[in-house]
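Before anything else, here's the structure in question.
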Amino acid sequence: MSAAASAATRMSGHGARVSLLRRRADRLGDRAMFGICLLAALLAGGTIFLVGYQIVHGAMPAIDKFGLGFVTDTTWQPNFGKFGAGVLLFGTAITSAFALLLGGPIAIAIGLFLTLLAPKGLAAVIGPLVELLAAIPSVILGFWGLVVLAPFVQEHVEPFLHDSLGFIPIFGAPQTTGLSVFTASLILTIMVIPIIASISRDLFRSVPPELQDGAAALGATRWEVVRGIVLPTTSSGVIAACILGLGRALGEAIAVSQVIGAGSEISANLFGPGSTLAAQIALQFPGALTELHQAALFYCGVILLVIGLLANLLAGWIGRRFGYGGAVSR
Amino acid sequence: MNSRLDLANADDLLQGDPQVPSRVRVQPPAPAGPTVSTPPTGVTETTVEMRPLVAPELVFDARGVSIFYGAKQALAGVDLGIRRGQITALIGPSGCGKTTFLRSLNRMNDPVPGFRIEGSILYHGHDVYGSDVDRVEVRRRIGMVFQKPNPFPKSIYDNVAWAPRNLGLRRGLDERVEQALRGAALWDEVKDRLKDSALGLSGGQQQRLCIARAIAIEPDVLLLDEPASALDPIATGAIEDLMHSLKGRFTIVIVTHNMQQAARVADRTAFFSLETAGPKPVGTLIEVDETTKIFAEPRDPRTRDYVSGRFG
Amino acid sequence: MSGALIPEPTAPLTPSGNLRRRQIVSRAAEVAATGAAVLALAALVLVLWTVVSRGAPAISLDFLFKGYPEGVGPMLLGTVVIALVATAIAMPVGVLVALYITEYSGAKGAGALKLILDLLNGLPSIILGLFAFVFIVKAQEKQTGFAGSVALAIIELPLIARGSQEVLQLVPKNLREAADALGVARWRTVLTVILPSALGGIVTSTVLAVARAAGETAPLILATSAFDPKKFSVNPFEALPNVPTWIYKVSEEGNPNGYAEAWGMSLVLVAIILVTSLGARALLARSKRKLSSS
């Protein structure tokens, strides 16, 4: 202990013996506190490894049987013990890409709206409302998709697109239920928008006003200030935000499983049924009877885990590397 | 107390000064050179009167300008004319509204919440705050350089070329950039590293880059808001030399808290101060005149106090 | 050469050169941005409208407090129990991790921990469901609410840790230095000074985390989905009824007769989550402001 500290304890008026006890208690307390904090930190770190290990361990039977070919094989026949994640990877890619391509620009536009366009009072109301979208539980969003969105899409959107643009393979023949890759992609878009929008909004807010003033003073229109100054300055952060949104879309199991129609084939038709890695696990695991079936689903989990972690790490790396401080927990 | 120098009185006070123009309109150039006038008596006397070759016109004519931010009044009843091709300095202690006035000239105060302007600011006879005025057009013609250099995080070339590209001035862009950088006395220092980031330049160089950026689009007016206050003395000197060389091409209005700078650089100087007679202190224009007169024989005692360093 | 594009100084201050076209482009961009915001709001309104309009008719005292089939009381109770157990696990660990980051770790350790927390936050919740299944359910050979709580705790942990860390970081440094100079032990300072001043932020971070976890279905469908909806139970060591998996079950069964109760449960869930989210966020912003201004 420092001289000042020992002086302090002595000055407290107690006898030497009491201050000795107090110092012992203090040292013990300090060590104990450090200890449990360290324990908690190790627990947090250990949890990731534990989760990873358990998923891989659960997938072992399937990994042993199918090896890496599992990733490209497109047969999924539980009754015959044949499993391959090709269709699922395809569905995951299509739905996530759709959500990002449609939701990304919308979310960025919302970020611009909230920071540069809307009057302060309006932005203070709309901002939290957009975040509220993220707070809706995915099962309720999926339920809404099932009962409201899918019939609507099936009645109005899919036939219209099919009739007018049906020569493009993605706008093929619609399902009778509206449960399709398209509907699932729309639901994912809704989920992805608030994440990207709120990070983008923070980024745009952080662009120094002097830069925007300087641009405006050169006779630039509002859009030119955005295009020339705001967007380029924040581009790496916005990209990181989009990748985080992508990660969210990749891992969504429940809402997707409710509206995607449980298809089993690769097809270019957005209006047909499909499945994703996450949705497949949600749909089939409760009913998976054989160990191989379960292991195959765990294998899907492994792939999902790898993709999800990569997306997260990539977002964080981009942010750090190009100047936006660290990935953001939302 | 008459605290404003009304241009209507100017003729009385500056009697016979051939440089004083009539109020607003551009005068047709009087015949150049000496004129001979014959007095009505029989005595032949030759009087030689020199008339100005071109009457300096008013680029800005501010009349009764008062500025409010919400309930707070920042500026009261400013009548000020800015003449073409000259450097006009706005001096005065901090917080007396000179920057507010400057920024009102190119409508940079518009986004400030609660901003309200009374009176009128005429630019070449057009009301800057008129209903059919496009703010972006105003700023295109009336450029501004800010107190703290604010180069874009782009290359030196792109900083200067950005606005011309927006405006569609794409042909001869390289020459335009070079001319602008030369005009800002920066060309020789950066000509070999135009692709380098502008953020790598020194403070003084960055400010000259901002000036180059502003003159690249050939504005009519340059507004400089304390352009050298964030710079060291050597860089400040470079900026002041620059202003002399830019003077003829552009009309320049500069806000400075440095009196000596105004004395060195400006043709005319306007002294602002806080008027404390009313319920709350409000920025006011105390006096405006030729720089030499403001510093040598100021009319208002407050001006005298300020320029002699008694306060400020 | 460029004479046409340099405006005549005395011309009126209306758009010159290409400005008219550029203003149209700028306006179009503004309209698009506004449209995007309207789109997002429309989605929110549509979803909430459905939940409220279809769920409200199902709500009644019976609905909230009786067992199946008259009501969904057991599901509501079970959700509360599962969330409480999860929070009992996640909150202490989360706060301690946050303390480690702010009090003990160096820059590298803090960076590593923050990375770990971000990765935990990014784990797909279905993966956590698989984890809970293989780690606990399989071991105990039965579904338990506890297994679901563990999975939810993993979801809550990074949110509580990050939120607490941000608030702890705002506690002024000179407070710690003054305590050190007085010879007060670190652990006393933490318990008596630092934690109390950050308490508001910690609590609200926890509430936000609970609001997020309470709506999660994927971690629970493998851990606690096969339950008896007639029985009220607070025992986490058996399969506890809960709201999210029941809604999921009803939606997957495809029997429209059961939809009304699912909407009713959705309304209750959404109402609680939204109210606590908004309130907690506002309180968090306020306690951050208080701390950073002190």
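Should a chain be cited, it is by its letter among A, B and C, assigned in written order, with residues numbered from 1 in that chain.
Here is the rule we go by: contacts are C-beta pairs under 8 Å (C-beta built on N, C-alpha and C of every residue); 3 or more make two chains touch, one makes a residue touch a chain.
Not measured: the values here are computed from a predicted model.
By number of C-beta pairs in contact, chains A-C lead all other pairings. In terms of the distance between Cα centroids, chain A is separated most widely from B. Distance between chain centres (mean CA atoms), chain A to chain B: 54 Å. Put simply, the C-alpha centre of chain B and that of chain C have 55 angstrom between them.
One finds 13 Å separating the Cα centroids of chain A and chain C.
For chain B, the set of residues that touch two or more other chains comprises 136-137, 140-141, 166-167. Touching two or more other chains at once are residues 221, 224 of chain A. In chain C, the residues that touch at least two other chains are 19, 22-23. In the complex of the two chains, the chain B residues touching chain C come out as 59, 123-126, 128, 130, 132-134, 136-138, 140-141, 166-169, 171-172, 176, 218, 220. Touching chain C in their complex are the following residues of chain A: 1-2, 4-9, 25-27, 29-30, 32-34, 36-41, 43-45, 47-48, 50-51, 54-55, 57-58, 105-107, 109-110, 112-114, 117-118, 126, 128-133, 135-144, 146-148, 190, 193-194, 197, 221-224, 226, 244, 247, 250-254, 258, 278, 281-282, 285-286, 297-298, 301, 304-305, 308-309, 311-313, 316, 326-330.
Residues 106, 108, 113, 136-137, 139-141, 143-144, 146, 148, 150-154, 162-163, 166-167, 210, 213-214, 217 of chain B are the ones touching chain A in the complex.
For chain C in complex with chain B, the touching residues are 1-2, 5-7, 9-10, 12-19, 22-23. Within the complex formed with chain B, the chain A residues making contact are 120, 208, 210-211, 213-221, 224, 228-229, 232-233.
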